[in-house]
Amino acid sequence: MSEPGFTPDEMMTIAASRALKNDDVCFVGIGAPSAACNVARLTHAPDITLIYESGTIGTAPDVLPLSIGDGELCDTAVTTVSVPEMFRYWLQGGRITIGFLGAAQLDRFGNINTTVIGDYQAPKTRLPGGGGAPEIAAASGEIFITMKQSLRGMVEKIDFYTSFGHGDGGDHRERLGIDTKGPTMLITDLAIWRPEPESNEFAVVSLHPGVSRDDVQANCGWTVKFADNIEETPPPTDLELQTLRDLKARTKAAH
Amino acid sequence: MATFQSLPDAVSENLHDGDTVAFEGFTHLIPHAAAHEVIRQGITDLTVVRMTPDVIYDQLIGVGLVKKMIFSYAGNPGVGLLRRMRDAVEKGWPRTLELEEHSHAAMANAYEAGAAGLPLAVLRGYRGVDYSKVNDNIKSITCPFSGETLAAVPSVQPDVTFIHAQKADRKGNVLIEGILGVQKEAVLAARRSVVTVEEIVDDLDAHPNACLLPHWTVTAICTVPGGAHPSYAHGYYVRDNANYIAWDRISSDRDTFLAWMDEHVINATPQEFAGRVEELRTQA
Amino acid sequence: MATFQSLPDAVSENLHDGDTVAFEGFTHLIPHAAAHEVIRQGITDLTVVRMTPDVIYDQLIGVGLVKKMIFSYAGNPGVGLLRRMRDAVEKGWPRTLELEEHSHAAMANAYEAGAAGLPLAVLRGYRGVDYSKVNDNIKSITCPFSGETLAAVPSVQPDVTFIHAQKADRKGNVLIEGILGVQKEAVLAARRSVVTVEEIVDDLDAHPNACLLPHWTVTAICTVPGGAHPSYAHGYYVRDNANYIAWDRISSDRDTFLAWMDEHVINATPQEFAGRVEELRTQA
Amino acid sequence: MSEPGFTPDEMMTIAASRALKNDDVCFVGIGAPSAACNVARLTHAPDITLIYESGTIGTAPDVLPLSIGDGELCDTAVTTVSVPEMFRYWLQGGRITIGFLGAAQLDRFGNINTTVIGDYQAPKTRLPGGGGAPEIAAASGEIFITMKQSLRGMVEKIDFYTSFGHGDGGDHRERLGIDTKGPTMLITDLAIWRPEPESNEFAVVSLHPGVSRDDVQANCGWTVKFADNIEETPPPTDLELQTLRDLKARTKAAH
C-alpha cells in the first residue's frame, strides 16, 4: 500500500460513521463505535440520538468517553435514566434503530463472542463478558459491527455465543422469534461487508482504498465471500478526517 | 432508620463472612473506600454481585475474599480485562472463583425485581445465546396472554449493598445525581445497606423527582470524602482515568498487586481518599 | 419526531373511531383540553384506559363515545362517584359500557410493561379478591425459582396516549415535574402520543434525572395553556377544587349534564382554557 | 349521649391517630385516614412517614389534600416517584408498615368492598372500585380500617371482595400465602375493634366516651362480639382536638 494519508483504523471509523443517519437512535459502545457515532454527529448527522447503556440519552460529548459512564455523557445528555429503565423502556422497548457492537471473536454470520476463548469452564482467556450485547443484538432495529480484522478474531466457529447474529444463517433469527434485522453491516479496517440476501453470510461489498481481496482473506479465518459488484470505499474527506482527529486530540488531552 | 457511623463500624456491623454483597456503581460513584475497608477487615467467603465488576472486584478477588461472583461485564472500563479475576478463573489463584454470568439486561431487571420484592425478573432476553448452557439460573416463563416465551432470572436480593452517593441530609436522606446506575435498586433490594457520602448537608436542595433514598431505607451512612476514587462523584471530582489505566500494569503481576494492596489498602485508612481526589476537584 | 401542531389537527390525525386511547394524569396534569377536543370531533367507539378515570372520562362516557373502559378507580377524587359512568353501567345510558377492571398495582405494572415492550406484567397481586372472577385478563404465572404463584395481566399498549405536561423545548423534548403518575409509561407504551403543554421554551432547564420525554418519542405537541383545568399544572396553576365539587351536581342529571357539555365543551375551543386558570395562577 | 365537646367523627379520627407510631411508614388514603395520619404527625409522631399512592413519600401537608395527588403533597414530600415505582418498590417491596383503608361494605373479618353494591354485572350501585386497596391490604405490614358505622356498611356478607382481610377467618390469609398481618384494628365513630386471637373476627375492645354496647350493635349488621375487658376510649385531649380542628379549618379555607 502507498501512503494514503489516513490509517486503516481511521478509515474503519469513518466508514462506520457514514452508515448512520440523522434520525437514527444509536446504542453506542466504547471504542470504535463511540468515535464513529460522534463523527457522524459532528458531520452529516447533527441530530442523531446517541444512547450509552449507563443511562445517558441524547449525549453530545466534546471528548470521547473512556468508559460508558463518564460524567461528560451525563453533562451533555438530554436526560439520564437509571440502568434498569435503560434496558426496559429504551432497549427492550424497541426504541433503538442501530446497535453498535464490537467483537473478540466473530463468525461469518455475525455471531459474536466476547465471553471466553476456549472452554467456558476452563478458559484459555477469560474475557469481560457480554454486558449489554446479548439484548442489544436482539432488540435493536439493526446491528452494525466494527472490528479490526485478524485470523484470531474472525473465525470459522466462535467459542461462545455471547450475541446472536444470524445464527447458522438463513432465517435462523426468524425461527427463534427474533423480529429485528440483526447484523446488516460489518465495518473492518479493510472492508465493508453486508449479509448476502438468502444466506445472511457476510460478503465484502466495498474494499477500503488500497486494500486487495487477498489482504481481506489473509486477515480472515473463514473463506471470504465477495459480492458481485465490489466498490471501493470513498477515502475519508478532509472534513471527516479532521473531525475524527480533532475528537481524538481533545480526548487525549482530556484523559 | 439510618445510623451515622464510621466506615469501619458500618462494615463490621453489617457485613459478615459468607454474605452476599453488592458494591454497586456504574462507572460513576463506585464505593472504593467501602470495598477497601472490607479488605482491611478480611471479611471472606463472599458472594459478590455487580453488573460491572471492575477494579474493586479485581482487588477483592485478588486478595482471596471472594467465593462466587454474579455479574454481567467484568472489565476495566475503556482499558481492558481484569487481570486478578482472570488469574482466579484461569489459574485458580489465590482460590477458585465460581461465576454466575448474566447479561446487563438480566442483571438490571434482577435488581429491579429485588427492589420490587419479587422472586424473579421477566425479560425478553438471552435469545440464541449460550448463557443458559452455563448458568442454571436462566429459565423461562410463557406469557399466558401472547404465548411468548420470555426469559426469567432470580431477583438479586443481597444481604448488604454498599454504594457511594453525593450527599445526605442530617436525617439520613440520601441524594444521588447524574448517572444513577442501579444503586437505588441495589439498596432497596438489600436486607442492609451502607452508604458512603461526600458530605452531610442541612438541606439536600433536591429536585422533587430526584433519585433519593429516604433515611428509613438505609442502614448506615458514613462520611468519606473522595470515597469513590478513582471513580468519580458528579459535581465533586472527575474520574481518575490515569489511575484506571495504571491498574492494568499493577494487576498484571501477583507480587506487584500484593505490594500495591499492602501500601494503598491494607496500610491505609478511609480518611486518605480525600487527599486522592484533591487535584480532581477543580475539573468537576 | 414530534410535530408541533394545533390540538384539533393533532386529535384528528392521531385518534380514530374504535381506537384504544389513554388520557393519563394522576390528579395532576390531566389532559382535559385534549379530551374536550375529542368530544367536539365526536371520535367514537373508543376503548378508554386509565388508572383513575375521573371527570373527563365521565364526560366521554356521558356523550356516548366510549365502548369499553379499562381502569382501576373510577371516582371524582375527594368528592364522590362518577355519575355519568354510573348511569352507563347501571342503566345503559346513553349506551352500555363494557368494563375491564383492575387494581392500581396491576394497571401501573401494565403501563410499565407496555413501555418496556413486554406482553405482560407480573406482580404479587389480587390475592383473595374477586377481580379475576369478573375479568378474564387476570391470570397467573408460576415463578420457576421460588414456586410462588404471581398475578399476570396483559400490558397496556394504547393506540394513542394523550397527556398534558408543563413544557417542551423547541426540539420537542417534553418535561414533566411534580406528581408524575404513569404519564411517561403511557406515552412510551403507546403507538402514537399527543402532548399538550403549558408553554414552549428555549431551554427546559431540567435536572439531569428529571422526567423527560425526548422529542423522538412523542408524535405531536400542542401548546394549550391551562389545558389541564380543572386539574392543575405544578408551578403554573393550582387545582380548581370548586370545579370538581360542582361536577357532582352537574353530572347528577342527564339534561343538566348535556346542557353543560354544550356550553363548555361543544361550543368552546382549546384557547378558552387559558382564561379558566387565570385566577388559579397566583396560588401556584 | 350528653354533649361530650367533640363529635363521633372527631373521636374516630383521633383514636386512629393514636394507633400510629413515630417510626411507622403509612400508606394513606383520602378522608379519615388522611386526617388521622396528619394529626399523628402534628402531635405524638412528628417523624412518621406518610406516603400517598400518587407517589409522594414523606409528605407533611399543611392542609389536608382533597385528592391523593394535590400539589401540596409533592411540595412537602421528601421525594416524589412515579406511580409504577410506588406500587413496585414501595408497596410490593414490603416497605409499608401501616396501610389505612376505608370501606363501603365491611364484614366481621375485615374484608372490604368498594366495588359494587349488588351483582357485579348488574349493580344496584356502581362504586369507584378498589384503586390501590387490593394490594395495600395484602402488602402492608398491618391494616387499620376506619369507617362510620351503619347497617348498610357493616354487613353479614359483602357483595364483592375488593380487599382481602381475614377471609373466612382463622388462618385464611396464611393459607393463601399472604404473610402480612392484615386488619389489626377497626376504628369506627363508636368504638375500637380488634380481631380475636384465634378466629380473627373483629371484637369491640374499647367504646368511645358515651357510647353503649347497644349503640354499637344498633349500627352493625352482624352480631357484635365484645372482648372480655372492654375499655373506654380516652376522650380527645385538648391538643388532639385543637390540632384536628385547626387542620380542618386550614383545609376548608384552602379548598
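Here are a few things to note about the model shown:
Think of it as A, B, C and D in the order they're written, each chain with its own count starting at 1.
Simple rule for what comes next: a residue touches a chain if its C-beta (ideal position, glycine included) is under 8 Å from a C-beta of that chain, and two chains touch if they have at least 3 such contacts.
A quick note: this is a predicted structure, and the numbers were derived from the prediction, not measured.
Where touching is counted per the definition, the chains common to chain A and chain C are B. With each centre defined as the average position of its C-alpha atoms, the distance from chain C to chain D rounds to 28 Å. As a whole-number value, the distance joining the C-alpha centres of chain B and chain D reads 41 Å. Annotation for chain B: residues touching 2 or more other chains are 112, 117-118, 123-124, 148, 178, 180, 185, 208-211. Chain A has residues 74, 80-81, 88, 92, 139 in contact with two or more other chains.
Arrangement of the chains shown, judged by which pairs touch: an irregular graph that fits none of the line, ring, star or complete shapes. Touching chain pairs in this entry, ordered by label, are A-B, A-C, B-C, B-D, C-D.
Looking at the complex, you find that chain B touches chain D at residues 1, 112, 115-118, 173, 185, 188, 206, 208-210, 212, 214, 216-217.
On chain C, the positions that touch chain B within their shared complex are 117-120, 122-124, 137, 139-146, 148, 150, 152, 154, 177-178, 180, 207-211. Against chain C, in their complex, chain D makes its touches with residues 30, 53-56, 65-71, 73-74, 80-84, 86-88, 91-92, 115, 120-121, 123-135, 138-139, 160-164, 167, 172-173, 176-178, 255. Within the complex formed with chain A, the chain B residues making contact are 26-28, 51-52, 71-75, 77-79, 81-82, 85-86, 89-90, 101, 103-105, 108-109, 111-112, 123-131, 133-134, 148-149, 178-182, 184-185, 211, 232, 234, 238-239, 241-242, 244, 284. The part of chain D that touches chain B in the complex is made up of residues 23, 25, 49, 57-58, 74-75, 77-81, 88-89, 92-95, 139.
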